[in-house]
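Shared between the two complexes below is chain A, which has chain B as its partner in the first and chain C in the second.
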Partner chain A sequence: MSISETMQSTARDLLISGQVQRVIGFEASPRGRVRPAIIDRPEEAERLVWSADCTHNLTVYLQRALNRDNGHASREPATPPARVAIVVKPCDSRAINVLLAEHQFSREQVFAIGMACEGIRQGAPASAPEATLQERCLRCRERVPVVHDVLLGEPPSALPEALPDEALAHVRGLPPAERAAFWLNQFDRCIRCYACRQTCPMCNCPTCLFEQEDALWVGMRIAPSEKRAFHLGRALHLAGRCVGCNECERVCPMGIPIGLLNRHLAETVESLYGHRAGMQAVLSPVTGMLSAEESAP
Partner chain B sequence: MYEPKVIGFLCTWCSYTGADSAGTSRLKTPWNLRAVRVPCSGRVAPELILRAFDQGADGVLVLGCHIGECHYDSGNHRAAKRIPLLLSILEFAGMQPERLRLDWVSASEGDRYARIVSEFVDALRPLGPNTWRISGAAPRTGAAIGVPLPLVSGLSGGAPCP
Partner chain C sequence: MKTLSRENLNLWLDGLAAQQSLIAPHLEAQGVFYRPVQRAQEIAWEADRPALSAKEFLFPPSERLLKVEKRGPDIRLEVSPSAAPQAIFGLRPCDARGIRVMDAAFLETPPIDSQYASRRENTLLLGLACRSMGASCFCTIMGLAPDDPRDMDVMFTDRGPTLAVQALTPRGEALLAGLPIVEEPGEVEPASRREVGGLPTAEAWKESFGDARWAKHGERCLSCRLCAYVCPTCRCYDVRDEALPSPPGEAHFERLRAWDSCTREGYRLTAGGHNPRAAAGSRLRNRLLCKFVYYPHQYGPAACTGCGRCLDACPVNLDLLEIGGALQEAAQ
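Our next item is the complex of A and B:
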């Protein structure tokens, strides 16, 4: 039985037995790759697929499914499902932990279908033989989701060596003036479409700070300084929370390397506080009190 | 001669009074610091500091109560957690780290206040003017917009962004 078939039967069983009312997974897209799928009926479970193209971080749909509305106005049921099953890769599963720590939903509301992950391919069509792994996957060594209720697939026994983050080291190695020019050049392309924010499971404020017309200190204009403040500010809001799924960078229509900012802060948080987001369901150390041994500055 | 322009966010419960105390004891303090009185150093969100730099500040000094003496128990803890990260990302985005400093000054420590401000301004002077502000960026209150909208069908080209 292929991995997709295993996933379909798992989802079908969960829906038939009533353990979950909804399954969030992937289905084949008409454009040859995959897209997110939301399954409410057992007979629809055959749409589900799993492949090395399943790049989306589906946890962004979790809160909407569980707390706010049913996500799709035209769909039944109108009441939020009590429990939702979600297909997660190791990186996505860490997002569940962060959201649990922030009390966005409870553990009982989520059934995590963990996938043993060998890395996700880059954006080429699935059929392209030369498709290589995404860079984030080459740097990643996690193969088994941190949060899972059932694990599908076999985690590979021999791990390839994780690659160093060359892009990050390169930007860090630039002289300050060149670094400033580099980032201004990047931020200048931003069109403030907020795709990075929409796709981020951690960006879940009901009203975004950067989209308030009356915000005194942040601007909404398409001016380079305000775009810079948006990106730096958003990175700060994700400090200690970002799990590095890199969806923000993937969806950016202007190709801004947003992931660099997030990875830089993730490393800073790890070196300052020894915290990696989502490895356990604990809050970011950035929002709390200083521990006894810390006394900054 | 170049003199740095410094924005100081001073906690009203301690360092703002500390600055007063420096004044009443006739201590010489640099005039470069423009004080902004805030209820707590924990009120100083990173966005406020970013805005100060965007508007042309050469340095930003955040002064709060010593750890354990916060009027609101944990506001200065929050500042102590946040500002090192802001410093880290500002440095990553190309700013000199000397331009932002967080320190603690209690209400009675006028001498400490004077010393910290002098030290900070002295450290800024050799750096020269901050290049962070994007020249031509209109002030937020102004109607003029620095960058015109790209041509979008249905919109007149280059119309100012509302």
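Our next item is the complex of A and C:
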């Protein structure tokens, strides 16, 4: 049985037995690309596929699927499923841990179909067999999802040498003025389409700081100072939370290297606190609540 | 046919760039974009259609409509100055049609949008025919062609050492006067066309309003604005007054507008918190029905030019042709 067929039968069984009411996975689009598929009926399971082109981090759909009342009233019909199965790569599975630590849903609400992952290919179309792996995958050492209820595929016994992050080393090595100029030039390309934010499982504020109606913090202009505030602010809000799925950078129509900025913060948090986002269901050490201080006079 | 040598065209473009802002397809590390260029040499001739449309040069992502300066009891209002002349060269037929579509709302239906009108009046549309249609292009469904000259001031067709040139407006005629244009025998060879599967009629789109598939599409939609921001015709905007830094004793504000999109969650949010388009599927439906039903009803032309950018850009591969094709099948 091919891995896609195994996935289909897993999804079908879960839906038939009533263990889950919905499965979030991947399907082939008519244009030969792979895209998210959200299915509720066993007979739809035959649409599901797994391949080295399954790049999306599907956990962005989890909260929307499970909670009607979190401000993201984006889903029809009105009755949320009690439990959802979701196909996750190792990187995606870490997002589940972050969201669990942040009490966005409970572990019982999620059935994680973990995929043993050997990396995802660059570019969308499957028509290029010689396509190389995405750079993030060449740097990745994880082959088994940290959260999974079932594991599909065989993790490879030997891991290839992980690629050093040369782009990050390069930008970190620039003199401060040049480094600032590099980032500001990148941010200035932004058109504030918010594709990066909307595709990010961690960008889950009911109302984004950068989109308040009162413009108290950041105005509405699609102009340099607002773009810079958005990208720097978003990066800080992801410090210790970003799992490196790189969806933000993949979807950016302007080619802004958002993932590079996120990696800079992830590495900084790891070196200061020894924390890697989502390896366990614990909060980021740099974002949290002032629990005791809040109730002090 | 009338032709102009590449050398003479480049000289002319260099001259144009010296007099006014010249915008043309430009190759950057991240792809090809319409950008101001200083010289003809900077133009990306061989490129497919640019990643974004040219609408930002007529309808910028954000702009000031009004400045308000309050000094004690005195209030001064300052309207933004009129636009400087600019020429867009290498404009693709789908993008020129996008501008024509925006004209219908901003110029041809009162009240006239003065900021848009000023830019439009001062912008030359210098087209370059596509040689063929790209993988996601469907301009032929929308009644256009890859070499459609209709919405241009001047249309160029690249023939290697020479370019065929055709003036389509009095402004275009005036622009070409004095250029070493050669009359050659024969006609311009038409671009290769590809017929693409059909889309529903306006009536069928309208009847799809209650179709359950919109909710399914909405489950996948991320509610970003990418499709609207890459679209040559999506022209929704938000208007807000924002405070500006002010000298002591004074209060300065600006009224500005910025791109907006019906795909974003709060687009239809009303006072009191009610949102009649709270579901992502209902907003996606709004965007497509606007293109094929609401906009034509209100302003005339369909608000889609078949450029195919939304097909390429959507992070989760929502596909206008697939959605429309399924509705058409159901309607038959």
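To be clear about the criterion, the second predicted complex is superposed on the first by the 275 of 297 C-alpha atoms of A that agree within 3 Å, B and C clash if a C-alpha of one lies under 4 Å from a C-alpha of the other, contacts with A are read in each partner's own complex, and residues count from 1 in each chain.
Keep in mind that, in the parts below, a residue touches a chain if its C-beta (ideal position, glycine included) is under 8 Å from a C-beta of that chain, and two chains touch if they have at least 3 such contacts.
Not measured: the values here are computed from a predicted model.
Engineer: Regarding the shared-chain residue A:Ile222, is it in contact with chain B (first), chain C (second), both, or neither?
Structural biologist: Touch status of A:Ile222: both partners.
Engineer: Which partner chains sit in contact with A:Cys205 here, chain B, chain C, both or neither? Use first/second/both/neither.
Structural biologist: After superposition on chain A, A:Cys205 lies in contact with neither partner.
Engineer: Have a look at where A:Met279 lands relative to chain B and chain C in the superposition and call it first, second, both or neither.
Structural biologist: Neither chain B nor chain C is touched by A:Met279.
Engineer: Touching A:Ile16, do we find chain B (first), chain C (second), both, or neither?
Structural biologist: In the superposition, A:Ile16 contacts neither chain B nor chain C.
Engineer: Under the stated touch criterion, which partner chain does A:Val60 make contact with: chain B (first), chain C (second), both, or neither?
Structural biologist: second
Engineer: In the overlaid three-chain picture, which partner chain does A:Arg33 touch, first (chain B) or second (chain C), both, or neither?
Structural biologist: In the superposition, A:Arg33 contacts chain C only.
Engineer: Find the residues of chain A that appear in the contact set with chain B and again in the contact set with chain C.
Structural biologist: 219, 221-223
Engineer: Of all residues in chain B, which touch chain A in the complex?
Structural biologist: Going by the criterion above, the answer is residues 45-48, 50-51, 54, 67, 74, 77-78, 80-86, 88-96, 101-103, 131-134, 137-138, 140, 145-147, 149, 161.
Engineer: In the complex of these two chains, what residues of chain A are touching chain B?
Structural biologist: The contact residues of chain A facing chain B are 171-172, 176-184, 209, 217-219, 221-226, 228-229, 232-233, 235-236, 239, 261, 264-265, 268-269, 272, 285-290, 294-297.
Engineer: Mind listing the chain A positions that touch chain C in their complex?
Structural biologist: Those residues of chain A that touch chain C are 29-31, 33, 35-38, 56, 60-61, 72-77, 189, 191-195, 197-199, 211, 215, 219-223, 247, 250-251, 253-256.
Engineer: Write out the stretch or stretches of chain C touching chain A in their complex.
Structural biologist: Going by the criterion above, the answer is residues 29-31, 51-52, 61-62, 136, 215-216, 218-226, 228-230, 238, 240, 242, 256, 258-259, 264-266, 275, 278-282, 311, 313, 315-317, 319, 322.
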